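Sharing a structure with you now.
By letter and in written order, the chains are A, B and C; residue numbering begins at 1 in each of them.
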Amino acid sequence: MTMENGFIHTTFNDRDETPEIAESIKIEVKNLDLFYGDKQALNSINMDIYTKKITALIGPSGCGKSTFLRCINRMNDLVPNCRVEGFIGIDGHDVYDKDIDVVAVRKRVGMVFQQPNPFPKSIYENIAYAPLMHDIVKKGKECDELVERSLKGANLWEEVKDKLRDPGTALSGGQQQRLCIARAIAVEPDVILMDEPTSALDPISTEKIENLMLDLKKNYTIVIVTHNMQQAARIADYTAFFHMGNLIEYSDAKTLFVNPKEKKTEDYITGRFG
Amino acid sequence: MKEQNDNYFYIPQIKRRNQKAALFKGATIMAIVFSVSFLIFFLVDLGRSGYPAFFQTYVKMEVTINEETVENPYAAVKGKNLKIASRAWLRDLPSEVKQNPTWMNTTREHWVLANSEVDQYVKGKESRTKQNDRDYVDELKEKGFVELKFNTIFLTTGDSKIPENSGIYSSIIGTVMTIIVTMLIAFPIGVMTAIYLEEFAPDNRWTQIIEVNINNLAAIPSILFGLLGLAIFINFFGVPRSSPLVGGMTLALMCLPVIIVSSKASLKSVPASIRQAGFGLGLTKWQIVRDHVLPLAMPGIMTGSIISIAHALGETAPLIIVGMIAFVPDAATSFTDAATVLPAQIFTWAGMPEKAYLERTAAGIIVLLAVLLSMNAGAVYLRKKFERKW
Amino acid sequence: MSTQTLYLIFFGGLFPLMFLGYVLGRQKAITIRSQGIKMHSQPDQYGWFGALYTGLPIITVGVCGVFLYLFGVHAIPPTMLLAAALGVGALTLGLLVKNIQGTTKARDLVEDLIKGMLFTASLVSVLTTFGILLSIIFEALHFFQMQSFFHFIFGLEWSPDTAFLEGAGRADANAAEAKFGAVPIFAGTFYITAIAMVVAIPMGLLSAIFMSEYATPRIRSQVKPFLEILAGIPTVVYGFFAALTVAPLIVKIFAVFGIEAQYQNALSSGIIMGIMIIPFISSLSDDVISSVPQNMRNGAYALGMNKAETIRFVVLPSAMPGIIASILLGISRALGETMIVVMAAGLRPNLTWNPLEDMTTVTVKIVESLTGDQEFNNPLTLSAFALGLVLFVVTLVINIISVSTIRKFHRKYKVSTL
């Protein structure tokens, strides 16, 4: 399929038989509980995340929105004493299935972090390393193409095409973050998780990344955690409000911001707490 | 293959990648196992070769004591016995007799210290003892006249050219005196420097120079401190060579950087709020440091100092340069006497041709390591006990 | 009068005078205050003021006198110096006490003096560096006046046995000329250091990776003491082990293959030196690797890399400047290590690639030429200082590079994890 920015899409979701109806479910979350030791951090979350939409998770600090996000690509496995119960399925495939390798989950579900974290390598290597490792491409021309495609996909190609061998850490903060996004899409995931991707950036960089997200949702399902309600209102199709480890309210963004059903949601978006 | 492709979460080569990861982890574990097993092998080997030195062979034999043998003690034992008795023991006989006048004009059996070759033979080691002497020793052994007794000589005498009469006493005294000098110099100067740099120094170029200089000093080879001791302390200031004073001064300069760095770190860990509270009460900077900051930082300062002193205790190279490997049979009585230290004694014995010194070297090492380990353990205990999270 | 009596009188005068200063100063302050005059400081502070400012001139005069004597400017008779010092002290004491008034800022003055004392203490470390530098350079220059610098650095033959004749002024044409070509010594030093690093770098680095990445806190706290013990073993003990356990073992092992090894060989001292440096590299690298932010690792995990891949592709490259610095410090340690090589490597300058032969190092030659009789007009004794100068310069350069690299590394991550 051809995209308006000339971005030629790969064949990664040819296996995906789901017809492109507006509200197909990509991620299905059922009765998700999460414990840090004895402390329960998420209480029985139920949520459907829709294909090729941007879903924003909002809520006050410590409400569990980031924790929830990290459940989807099993980043919480890295936290000692962290225990997850319940079901998360991507196109019906259980993420927490004992027989699958966590590495494979993370190949399907990319993630972008709050702090841009390019590797201490060249821009080219930053992008090429993981696809080469996952055997998505072979070294050489095929790989060069993938790097170019990913950088274009992250709207970074024009800025860096002449300095692919420069270290990724030499870029500006906003460019670094777009490099991280390019890196994430290079492994051809279905879902991209973003954990406050713009909170460390200046307004101009933030705008560029927001525009990028709107481009990306044509191909990817995006889940974003944000502190910034305006941002959620600007870009999200769906919004979920978390509080104290509970999912309080989840609906399309417009409804949630304009006409919240829950008192707590209303208090939060009108700035009474948080 | 098809089944796997159908699997949504499938990555080719995942098995190989996981194997490689396991290999890598295995390599890191091997490195640790290597170090730990080296240490164990090392300690066991040392224990095995040093342990026998804590026991020494004594032989029960007839000793004649009269006017004549007090004059010439080598006549006190006869025939074959003379070949197995220690010359050092016989040499010391007259002074023993002086202390025990009742021994005069007697001929009776004493437990006599055997010479080192016989001792090695009894312990089942390589020995130059002749075959007929060996037979004689075996004969005595059957009669129960040969015994391994706890080696008090090793702990109570100084160095000697006669292996069975040599001990670590004088080198231990030398070590203690040297370390006293080191502590008296390094501790106050180190702590004062740390206080100056951490609490009083303005943040200017000169302070930076001092700091950089301290970092470099910490990494200068210890032998160069020996050159300093030789050229400045001995040749310029005229401090007596080989003395605990010059050794201690040299080691003090070597310890200084470590004490300063650890004291600074522990002063830094005292929170600024304590200082601000002091200023709020109208105390001067020095009063705050003396009465509030320093007491809180003391455990950390002590820990660092003990560790650096322990390090100095095992140091040999600079002390060789300032002459502390002199042959010193008697313990030093003043800080300007010639003395030797335990590590230097170990070095000297390790180079001795007689095999009997080998076990004494290892035993000396055991004593040294025991002291060092207990000092370090003490430092760790101190750190744990007073550890405080702000 | 013996030196000891002199010291006794000096301190016997110093301390009572200072005590007197304390008592009188405090007394004076109390008296003034009882007259209702407002005082700047507390009476105790006037006491300290009296004591410290009485001691200061006494010590200054004493130290100055000693230095005048040592530098050979002027030898003041000890008794006179003693009398002068104590006299000045007593005079100061009298003047101080007489002039104490309500406006005397005793507290500030005491504070200044203490600050001065602390500053003086901090000079000791600087003076130590200068002391080392001066003592080495002075004698090394002396050496290079007798021997050519060029030949020292590039000469292939070290045979100083006849040097004592030159020192004694009896060098004649018949005697073989003493040669001080230090290349074999430098070569031995670098060769043994290289062997040590072949052991220490992989082992130290892998240990550091295990400790910082794989070990659980419990295993870490159990393994750490072993490495610390390894680091705390005195070098003379390692030397003993290298010479009397490892070297014979190596001879035996190579004899099995029909290769003859010498009892003093570069291999045994190199291996043991390497083991000595393992904990050094491992603890420094451990610190560096642990300070790589978790955020960097997460980035790799999120792309589906496993732990080993993350370590190799992200963690180690990030930590590389610090790791290189720790390796450099390890090298500088190995170059300056003395006891192991003195005991296990040999005394013979030997230019060879065979690690089973004996060779010698800079430190061994320093020890060898400074034990026994020292004659400071003999090039053999002075050669120790020339070698020491080379050692000093090389290790100093390595240290400066590595310390500044480590600093840069820490600064970088402090900023980016804000």
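Quick notes
As a convention for this text, a contact is a pair of C-beta atoms (placed from the backbone, for glycine too) under 8 Å apart; a residue touches a chain by one contact, two chains touch by 3 or more.
The structure presented is a predicted model; accordingly, all values stated were derived computationally and were not measured.
Chain pairs A-C and B-C differ in how many C-beta pairs are in contact, and the one with more is B-C. Of all the chains shown, the one with its CA centroid nearest the global CA centroid is C. The geometric centre of chain A is 60 Å away from that of chain B, both derived from CA atoms. If each chain is reduced to the centroid of its CA atoms, chain A and chain C end up 54 Å from each other. Separation between the centroids of chain B and chain C, computed from CA atoms only, is 19 Å.
Under the contact definition stated at the top, the residues of chain A that touch 2 or more other chains are 103-105, 107, 133-134. Contact of a single residue of chain B with at least two other chains is seen at positions 11, 17-18. Contact of a single residue of chain C with at least two other chains is seen at positions 304, 306, 309. In the complex of the two chains, the chain C residues touching chain B come out as 70, 107, 110-111, 114-115, 117-119, 121-122, 124-126, 128-129, 131-132, 134-136, 138-139, 202-207, 209-211, 213-214, 223, 226-230, 232-237, 239-241, 243-245, 275, 278-279, 282, 304, 306-309, 311-312, 329, 332-333, 335-339, 342-343, 363, 366-367, 370-371, 374, 376, 384-385, 388, 391-392, 395-396, 399-400, 403. Chain B meets chain A in the complex at residues 7-14, 17-18.
Contacts from chain A toward chain B in the complex involve residues 15, 90-91, 93, 97, 100-101, 103-105, 107-108, 133-135. Those residues of chain A that touch chain C in the complex are listed here as 73, 75, 78, 103-107, 110-111, 113, 115, 117-121, 129-130, 133-134, 180, 183-184, 187, 193.
On the chain C side of its complex with chain A, the touching residues are 293, 295-296, 298-306, 309, 313-314, 317-318, 320, 416-417.
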